[in-house]
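In what follows, structures are represented as structure tokens.
Consider the two complexes below, in which chain A is the common component and chain B and chain C are the respective partners.
Showing the complex of A and B:
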């Protein structure tokens, strides 16, 4: 049985209309569904707006004010805080300390924790126990960690006691109050806390590399050093970069807490970083506008540093 | 684009609103005391006298008595730690602050009347019948540079040098040193006996306060007050001579080795264990001197260089703790006054003297002091000279930097010029 052309065209038209109707219905259904999903994100968006974007904008706004604390009214002063910051020797001194801390801590910690992570990824005997041990420093709260190191490094602490007991009494010093040693110890304490944690993260990434890759390299005569730096590193280069970037940001923005508890920025500002200076000016000197101008500089340096690190460690194969 | 701009403006307005809202707690202090019409059911207290301490125990007793007499409940929130003042300020901004607070007179507390966090105490001293009871010197310690009395003094301390005579004898000294020559002359013998002459907390406020007193070795009280207010240490001849004196003492080894690394607690430990012969100690710590050491512990003023015309220096302050009436407390002031007044009664004054070794703050009360170290310290007032404290004189926003600069003087190798420059930098 055959259909007339007009009837065929009519039925096609009807079918098209039907299809259009179904598509329109589907689109409406999708829009309704998407709107439903979007509505569910509103609380998160609102909280993100008020608790992340709001404070970020507030940092910029406050940096243009003279504000002495929560009970005072902020007064707009234009670029005055920035002029003060950039002409303040304390700011530049803190910049120097920050640079030393970042340039020493970030590379040393990232490289050492990568190497340790490689070792852990080989699943050595007692590897599980090793992971737990490596994680322990990260589980210790900052005040406890600080008390622990103060007990070691105080003038009458464990380290000086050991040195004296082995006849090296002349080497004893107030490690955290000596301008020559205080910053080194702050960096060492951060290394102590960070290496194990980062090593476990690296081991998780390196453990995902096909073992046959390493086996093939081993057959070709590659030792651990070659396998670590000529195979594992190139494969996980972008991950290495992300870890370096995170360490950079933690160091740049988060060093104030350790410094506050160990040295309070002293002696003689020898351990005052930009992060600590921000805290000091806001909470101890009641110069909140100044402190937020330092905060803006920190954000700028943080963004620039992130860009450089990500560029350096871009995956290139 | 325009939506982005609008969003940015909206965010900016929201932030500005939040920020300005934070400052809305600012109020003008009333010039006369307001009196409360109705008897409240509760008085809230934000107190630095915490449970388990001698003062906390006395506070609990006073509260029990007040509650029994008036039927008004006193609810205490303990204020402890470095953030206690900030927490109070935040509560003021929110309008939920306690009716009555106690703090020491230092730092930003002195600015609280102008910021609306406390009310002028002068009319209330009169309303509560304390105007003629509290010593004028005590009120002066609670009056800021604008002439505003911001608190009602409650605790006073004397803060001289104290010496362990047993440890001193090991350093060849039969009595506390009275001058620079005796101090520096005893260093070698003290080192040989493995005793330090003076323990100092060079990394915190305790060492800073001591250093500030040594810096006054050649200055008059008026000169020191002027320096506290405005700086100018490098340009002041007497202050430079005082700083040079400090540097000489430090370089001669008068302070314990690595004094820059010691804090307040470690300084106390060095003295209490006999590792140091002397320290600069406030009377609040006298009750902690070990019982077996108390009989051998004597107080003195600070030893001075031979060419100083001052008498041996000591601190005394009534700013250790005091009452501040909050804006919320104004409407309950009549009843708060009754509570505050209880602290000036004889039995409380006696308990305070016995437990916390504090000075009488009122000529009407004459507590009996049974602590031998305190009795020795009180004698210093006759032979010594009162040195001004920085607490209500250095501007609040400069105090931390000034304290850091003073404690930085303990760092080995630092010259007098570097010390004075650091002190002056605190005022920039």
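Showing the complex of A and C:
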């Protein structure tokens, strides 16, 4: 704490300079030592950049090209693809589907997982067995999951079979081919798979809360509902935000694969999300430039959404 | 985990049990449905979807095996998954060791690169990845997947392994160095025992991710039965007009078998792995 830094610098002693020299020497040695260790990370970094960051950057480049089909040559066309994308009703339709999917799935999934996680964290009876079951969806691959939902939801599938057998034959429909129900089922399938594993994660986080915190609340007569939302939730708010954010990114970018297998984007584009549109334009209608312009929109929306979610769930103490 | 004494435990109302177990039933039922349907005909599936099968005829399994050419699909899956797991470790173990021992800012920066890498959604780069495979002349080959999968798994793998490596005290390592041990000897005798559980954790995580991966495998391998993996082979059994659900479910069951077996044998370890993997993310 000096008011006159210049004076202090001027009165430097020789010993200090010597110490500085030693520090610089140590620093050089440290850098040389680190250089050896750094080279060990090079192969991993090269692989990571070459196969994941490189292609990600290429999305931007390709979005400015006219590229008709995977095997043809690209031609730079400036903003033409973006003009096409933004004036295309299909793009805006898909935006609407994406918005519904994200706005329904992310809040519902995160809240239900949190509640189930709270339940599991209290070690209910048979909680161990419950946890084993909750892990199951994390083990099932996307094609297998999609295939058994196809079997369940097909016109002659078990859902219609069950409805018929309890006298609700009028309700039967081709669930995935009906524009009224297809998107709902795409969302439900993700819910089915997502709640279990997210709940286990929440229970691990909530299990780390000091029981004394809850005990004090109980003396004040707080029930489970209050404990859950007035104590457990504020304590784990930022964790809640991270879970919501991951689910958001996952849904926004990754929904194409499930949709491809369940509905192929139909019926009549009822389940065509931006993610599926990207896939469809690149591989089924050979407009790669258009597809990657959608990709850039997805990346922008993803970043913006991430920022909003993290902001909303900032720990406020 | 907290230990709430039973005396202090607030009783959970019955309907919370009812809701939780209803969801649990919804998770288990499809598994039962897959298994039971594997032994049934379409008609039997439709009329008695959840009943025990009338006979334990294995015909659907044989039929599924033939129609998807599952023998070669399984072999392809094992080649791709095994090769990717091996390459991941070859890249990640030295990187994690280096990262754990770096003390300058460069180490912090490198670690940050990997941790932000975990937020990169692979799907965003789907199209350029396919273009890359074509440019390298590796389109429709298993080789490309074996090179590509490790890159996607590296961020998490390196970060988890680094944490394990950090538990080895620097002093222990340095005293060994003074005693004239070589670096690789240190890696083998001091690090390997500590790091083995970490390697097991990441290998389980990566096995699940690689074995279950679908969309990149489907696009990069194509439909050629000689190279396609099991996840790519299964959807071949659906058709718009006449899907034989018994056969389809038998194929699903066979594709799930390796992961279910691993879960049965390594339940605790696999649960821990999934938790650690997700908490880092």
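By definition in this document, the second predicted complex is superposed on the first by the 290 of 317 C-alpha atoms of A that agree within 3 Å, B and C clash if a C-alpha of one lies under 4 Å from a C-alpha of the other, contacts with A are read in each partner's own complex, and residues count from 1 in each chain.
Keep this in mind: contacts are C-beta pairs under 8 Å (C-beta built on N, C-alpha and C of every residue); 3 or more make two chains touch, one makes a residue touch a chain.
Everything numeric in this text was worked out from a predicted model, so none of it was measured.
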Touching partner for A:77 - first (chain B), second (chain C), both, neither: neither
Contacts of A:178 with chain B and chain C, given as first, second, both or neither: first
Superposition-derived comparison: chain B or chain C, residues of chain A touched: C
First (chain B), second (chain C), both or neither touched by A:140: second
Partner chain(s) touched by A:53 [first = chain B, second = chain C, both, neither]: both
Touching partner for A:268 - first (chain B), second (chain C), both, neither: first
Chain B versus chain C as contact partner of A:122, first or second or both or neither: second
First (chain B), second (chain C), both or neither touched by A:111: neither
Which of chain B and chain C A:62 touches, first, second, both or neither: both
Partner chain in contact with A:284 - chain B first, chain C second, else both or neither: first
Intersection of chain A interface sets (partners chain B, chain C): 50, 53-54, 58, 62, 70-71, 154, 156, 283
Chain B residues touching chain A - in the complex, by the definition given at the top: 8, 11-12, 14-16, 18-20, 22-23, 25-26, 86, 89-90, 92-93, 108, 112, 115-117, 202-204, 256-262, 266, 269-270, 396-398, 400-401, 404, 407-408, 410-412, 414, 422, 425
List of chain C residues in touch with chain A within their complex: 1-4, 8-10, 12-13, 16-17, 20-21, 23-24, 26-28, 30-31, 33-34, 37, 42, 45-47, 49-50, 91-92, 94-95, 97-99, 101-104, 106-107, 110, 113-114, 117, 119-132, 134, 147-148, 150-152, 154-155, 158, 208, 211-215, 219, 231-232, 234-235, 237-238, 243, 245, 248-249, 251-252, 255-256, 259-260, 263, 267, 270-271, 274-275, 278-279, 281
Chain A residues within the chain B interface of the complex: 49-50, 53-54, 57-58, 61-62, 67-74, 90, 154-156, 172-179, 264-268, 280, 283-287
Residues on chain A engaged by chain C in the complex (per definition of touch): 30-31, 33-34, 36-41, 43-45, 47-48, 50-56, 58-59, 62, 70-71, 116, 119-125, 130-144, 146-148, 150-152, 154, 156-158, 161-162, 192, 195-197, 200-201, 204, 207-211, 214-215, 218, 223-224, 227, 246, 249-250, 252-254, 256-257, 260-261, 275, 278-279, 282-283, 288, 291-292, 295, 298-299, 302, 306
